[in-house]
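The letters A, B, C and D name the chains in turn, as written, and every chain counts its residues from 1.
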C-alpha cells in the first residue's frame, strides 16, 4: 500500500483540466500514492481572486481548505494544480510563519466555527513524485516505453516558482531550468528535447481574459517546440495546458502559422507508458489537438 | 609562557599568502608557506592585467618569486594543505596533507615528459577553455618551475612512457598522498577565493552557450598565454568578439547568491572593456551595472573608460540572457534610466561573477576561527591569538588591499610568535 | 678580489649537450678564456652535479663558480654554495630553447654566453655590507589619529620604541569626534561603538610610546636607521633620532565654502557630514537655525568628490558615513525621513549589508545629480530613475557628504621655496588615456583625447611639507596627481620613493577607520624591515637583501650632479661644493646613478660599468665578411629578461645574432656600454625595458624613463661616428611579451641585416 | 496596526518624496514591508513577460511609491499586466515579493475607487470569478466566463462568446466542459461567512 495524501483536485479538475485529474488518479496507485479526496474543497482563488476579494479573503479561501484537510488527519496535502498549490502552500506558510497572520485567519475561520494552526504540509504532486516516489519507481512501472517520442517538457511558472527551490517547497528543483519534468519524460522512455522555453510564461489568467495580450507569449513556446521537432508538449500545469492547446488556433490565425502540437500532462504520458487505457486512464481523447501520436509511439 | 615556536605558517600561495610570507620573512621571521595547487600565484597568476594601470600581474610576481628564491627564511610546500590544527598561539601542531604531483624535486623542467605524454586533460590554468598534456608545466611563470603529471596516466602505458622519458629520475608514479607535521607559533589563512559558480545564476544561461563566459575566463581569453594567445574571440567559432556585453553583479549583491558586493568586479569589467577596445578599433562594449563601484583613486580609471566612445554604460541588472535564433547570446532587461525594454545580441557576454571565499564551502578551516555568514574569516587584532587571515579569506578585497591585509597579518603574526 | 679561482661548469642536461658541442665550449673556456678549471656534467642541478662543484670548492680548487646551464631565474636555491660566488650563463632558455640545435650560430651564441660569464666573474666581487655607526630602531609616527595611534601601538607590540608626533593638543584626530563608527565586524549591519578612546588610552599608557602633542616635525635628515628629526613644540625645538618614519597625517574635510552651489553658506541648516557627526556626538542632531530636531533630512553624496571642479577622486567612505548618519536619525526618531541622494552608491564588500540595513530602516535612496540646494533647503535633483527634475521641498536639513583631502602637505604650514613647489606638481597623471587601437577614439584617425580633466595635474596642494626632508630632491614626500602621497598602489602598496618613510591611512588613499588601522600595521612592518635591513647593510624592496651599494670614485667625480638629480629615491645628497654623498640605507640599488655618471665612476662591487663593458667585449665578433651581425641586448632583469626566458620556455625562435645581458634597471645602463659595443663591432644594440610615462611599470619608478631620455642622445653620437641612428633602439617590453619580444628581435635583426656591417669591426 | 487606520490613508501629496503614501504601502500592502529594500536594479521589469504592456515596470512603480506619486501609481496598468509568473520574485536580488505587491496594489487601487483600476479586464474577470466562487464554492468555467463577457454589455458578451464558440464546443466534446448544473460545495454558507469576516478584518486594518 502506498503513502496516503489528502488530495485537493481543484476546480480545473472538473472542467478544462479534467484529464490531469483522471490520469493522475489512474497512475497514483502504481506510484505508491494513495489519494484521499479533501472534503468539500473550495476554489483556491488562483491569481485572480485577490484583486476583487482582497488579500485576507483570498487567503481565507485556502485556509478553509486547510482547516478541512486538518480535520481529515495530519497527512500531507497534495495538489496537482500549480495555482492551487501556490495559493494553498503560501497561505499555509503565512499561517505558520507570518506574525499575526494566524490570528487574523482564525478570526475569519471562526465565522464558520473552524480553525487551523498551520501544521500541515502542502505539496505539489510533482514534488511528491520527485521526493517521495523517485524516478526508479516510474521506470519500474513502464511496460510500454514511449520510444522515439520527442517531448518538449513545458513546466510553466507556478509549479516551480516561487517555491520549488525553498525548503518548505521540498527544494526539489530550480526556478529557471528545472529538470524534474524532463526526468519524468525520460522515465517513460520518451526523449526530452532541450527546451529553453520550459519556464516561459503562457500568460496565465490574462490569456483567458484578454487573449490578444498573450498570444505572442504562447507563440514563442510553440515556435520552440516546433523548432525542436517535438511530437508533443507535456506540462504539469492545467492552465498552461489549456492556454497552449486552446489558443493554437488563435495563434495560427493571428500569425499565419500552422501549429498542431498536442499538449498533454506528464501523467497522461505515464498512463500510456504504464500500459493503461489510452482513453479511460490516459484521457488522450480529452485533448482536442489529437495526442494519438503518444499511443502510436508506445511500444506495445 | 614563552612561545615554543617562532615559525609562522601561511596557508595559501596566492598574492595574499605570498605577500604575507615574504613580508614576515624579510622582517626576519621563519615562514612555512603552503599552497594547495602545483604553483604559487593563485588567482592573480591567471589574470591578464591588473587595473588600473593595465600592467601584468606576472611583473609583480617575478619580483616576489625572486624575493622568495633569495630568502632563506621561507620554506615552500606546494600541493599541500592543512589537515588538522591542534594547540594554541605559540604552539600549534599542524598536520599537512600533500597530494601527489608525481614529479619530484629532481625535475629540471626540461619538458621531455610532456613530449612523451599523449593524452590531454582540461587545462586548469585556462579554466578548462583548452586542454593540456597529462604531463604539463602549469604555465610559463610557474613557481616552482616544475612539471605535474596528472593522476589519470598512473598505471597506464602512457604513464610508463612518461616515466622512461625523464632522464633525471624525476617522475614518481608511485607517489601517494602524504602527511607530515609542523609546529608553528602562528597561522595566517590566506586561502583566497573561487569564482562564484555562474551556472547557478540560471537566467544567465552560462551553461547554454560557449559565448557566455565569466570574467575570469575573459582574463584567460585576453592573456597572451591563454587558450587563444590573447585573441578575444567567440569560443563557439573563433570569430573576433567585437560586440561584447559585460554583466555586473552576476551573483554578487544578490541575496539569492552572494549577498555582499565582491568589490572588484566593476573595476575588472572596466578593464575588460579596455581589453576589447584595445584589440578591435571598431568594437562596442556595453556594461550592464547597478552601481559602478570604482572607489577611491580608482575613480580615475572609471572616468577614463567612460570617456571612450565605444563603451556604453547601461544601468540595469539584466533579467535574463537567452541564446537568440542566430545562436548569439542576447541580453534582456530594462534600462532603468530610460525604461526601455531591451534585447541586445552580442558576440560574447561576460558575467562578472563574484568572489566566494574558499573558506565558505570549498575548504573548511580546521581550527576555530571567527567566521561571518559568508565564510570570510574575521580578522583578529592585538595579542592573544595566533590565528590571522589575509586577502580574500578576510573579505572581498582587490589585489592592493589584499597585500595590505597580508602585510598587516604578517606583522600581527610576528607579534604573536615573538610574544 | 685578488686571487680569483673561477671554475666553469658546463651542464649538458635538458638537451644542451645534444644541441651544442660542449667540448668546443670547453675549449673556449680553457684555451681562450684561460679558465683554470672547466668541467662538464650531465645534470649539474642533480645532487651529484652539485657535489662536483662543492667538492671543488671544498678542495680549494675554485672560489667562483661559473655555471653554464639554465637561466639564473631557476635553480637559484640549488646553485648556492655557502657564500661562494656564483655566476650563471644561460645556455638553456636563451640558447637551445630558442635557436636551432647543432647550428653554427647557436654554437657561437653558447660560446659567447660562457665568455660573458667568465668576463663577468673576473670583475665580480662579493659585496661587503655598509654598517657604519649606530642604527636606531625607534619608529617615529607622524599623526595621532586612528592611523597613527594604530601604527604606534602595533610598533610597540612588536617590540619597538615609538615617537608619536601629533600637531593637535590631544590624540584622536577626526575619528575622536565620531559618535559611532562604521560596522567592520559581522554582521556588518549596525553602527558600532567608537572604540577610539580605548586605543588612545592604550597608547598613552604604553611605556614604549613617547607621545608629543602640539608638535610638528620641522626638519628631517639622515636615512633609514639614522634619521635625525627636529620637533618643534610651542616654539622650542628638540632633536630626536629614529630609525624609520611612518606618516599617518590623515585627511581633512574638503572646504565646504567652495560648495556654494550646494547651498553651503546660504542656509545654516546646510551642514557637512563632519558637522553632523559632531552634533551626533554632542547630544543629537539640531538645526543650527532654531535648535529644533530636523524631521526631514537629505544627504547629498559626492559633495566635492568625483567632481572635476573639486576633488576628482571618490572619497570612498562618504556613502557609508551618510548611511550611518541617516540610520542614527531614523532610529532616534521613527517619524523622521532621511533621503540619500547619490550618483553611484558605493558600499563595497560586506558594507552592502549596511546599505540593506538602511533601506530596511526606511531610508530612501534617490539616484540623481543634485543641481542646486536653495536657501530654503530645496534640493533640486535630476532624478535619474523618475526621469525628471525633482525639487525636494520641505526639508529641515541638508547634509553635504564632503570628501577627504589628504594631508600630504601641512595646510597650515608655510609653503617651501618655489623650487620645491615644483616637486608638488606631480609627475604622474593617473587619468592619462589608455593607448590602444580603439580606445578613446571616435574611430580611426582620431587622436586619443583626455576624457576627464584631471585638474590637480597642474595645481599644487597648499601648505608646507610634512617632514621637511633635507634631501637634495626636496622636502616633500612625492605625491601623485590626485594629491595623495605616492604609493605603488597595486602590488606593493607601501613602496614610496623615500626609503624608510612609509605612508598609511587616508594620506595614501581615501579609507575608513578599520582599513586605516590595518594599513598602519602594514606600514609598521615595512618600517621594521627598513630598520632591520639598514642595520645589516641590506637593501629593501625590490632588491631586498642586496648588500651591494653604489661607490663613487671621488678622484674622478666632476660634481656634475647628474646622479643626485636622477636618483629616483632621493638617496644622493650634495655637499656644498656639489660633491655627491650616497645615503646608503636610502639607496634601492637600482644603479640609476651609475647609468647617469658621465665619467663612469659610480659602481657596485658586483655590478659596474667595467664589468658589463668587459662582458660586451668578451663576445667574439665575426669579421665583416662573415655576414653574421652581432646585436647587443641590454634587458631589464625583472621584465624583459624573464620575457626572453619565457620565449625560450614557449620555444619561440628568434635571431641567434643577439647577445643579451640582464641589467638591474635600464636606468643603470651606461651609454658607455652602447658605445663600447659599437666600437667593438656590434652592428646594433637594443635596450629592452619597462613602460615609462604616466602608467609606468618600472619598479624603480623612473629608470626606464631616464634611459629613454639618455637614449635620445645616442643618435647624435652614432651620427658623429658616421653610423646610422637606427642601429640603436629602445623598446618597451613587458614580462608578458614573450611572443612579441621574439618578433621585435627578428624585426630589428632584419633591419640590421639590411645595413652594411659595422665598419668598426676588427678595429 | 490600529483600528482606525482608515483615517490615515494619505492623499496624493503635492510634494515629491513625501513618504506618507510609501509608508502606508510599507505597512498595508502585502509584501510592502519589503518594498523599501528595492535598489532599483530593474531585474523585475526586465524579467516581466508583459513588461512592454505596462505603463511603468514594477521597478519604476516602486520608485514612484517612494516619490509619493500615489495617483500615478494607482492609476497605472502595471498591476493588471502581471501574469503571476513569479520570475521577478525569484530573481529579485533583494527578496522583494514583487508580484505580491503588485497584486495587492491593484486591489488597493480598485478599493480606493480609481476608475482605471475598476474597469480593467482583470477587475471584470475577478468579479466574475469571485461571483462563481461565492455562489458555488468553486469556479465554474462556463458560467463565470460568460459572466465576465457580460461585464462588457450584452452585445459584446455575445460577440465574445461567439468568437470562442469553437473552443467551447471542443471542450465539451473532450469532456472538459460540462453542460449540466454547476458543482456546488456543501459549505457555501460557511465559505461566505469566512470570506465576509476576512473582508471585515481587512477593512478594519487598512481602512479600505
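The working rule: contacts are C-beta pairs under 8 Å (C-beta built on N, C-alpha and C of every residue); 3 or more make two chains touch, one makes a residue touch a chain.
No experiment lies behind these values; they were computed from the predicted model shown.
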Chain with the smallest distance from its CA centroid to the overall CA centroid? B
What chain pair shows the greatest number of contacts? B-C
Based only on mean CA positions, could you tell me how far chain A sits from chain B in angstrom? 44
Quick one: chain B and chain C, Cα centre-to-centre, how many Å? 23
CA centroid of chain B to CA centroid of chain D, Å: 49
Counting only Cα atoms for the centres, state how far chain C is from chain D in Å. 63
Of all residues in chain A, which are in touch with two or more distinct other chains? 175-176
Using the touch rule from the top of the page, what residues of chain C touch 2 or more other chains? 345, 356, 385
Send over the residues of chain D in touch with two or more other chains. 39-40, 60, 87, 90, 94
Determine which chains touch and list them pairwise. A-B, A-D, B-C, B-D, C-D
Can you tell me which positions in chain B touch chain C when the two form their complex? 15, 23, 26-28, 48, 50, 52-60, 62-64, 66-67, 69-71, 106, 108-110, 137, 140-141, 145, 167-168, 223-225, 229, 253, 259-263, 274, 276-283, 291-301, 303-310, 315, 336-339, 370, 372-374, 376, 378-379, 381-383, 395-397, 399-401, 403-405, 407-408, 410-412, 414-415, 418
Help me check something: in the complex, which residues belonging to chain A touch chain B? 174-177, 196
In their complex, what parts of chain A are in touch with chain D? 11-12, 14-19, 40-43, 45-57, 59-61, 63-64, 104-105, 107-114, 157-158, 161-162, 165, 175-176, 199-201, 203-206, 208-210, 213-214, 217, 246, 249, 285-288
In their complex, what parts of chain B are in touch with chain A? 202-203, 208, 322-323
Chain D residues touching chain B in their complex are 39-48, 51-52, 56-57, 59-60, 87, 90-91, 93-95
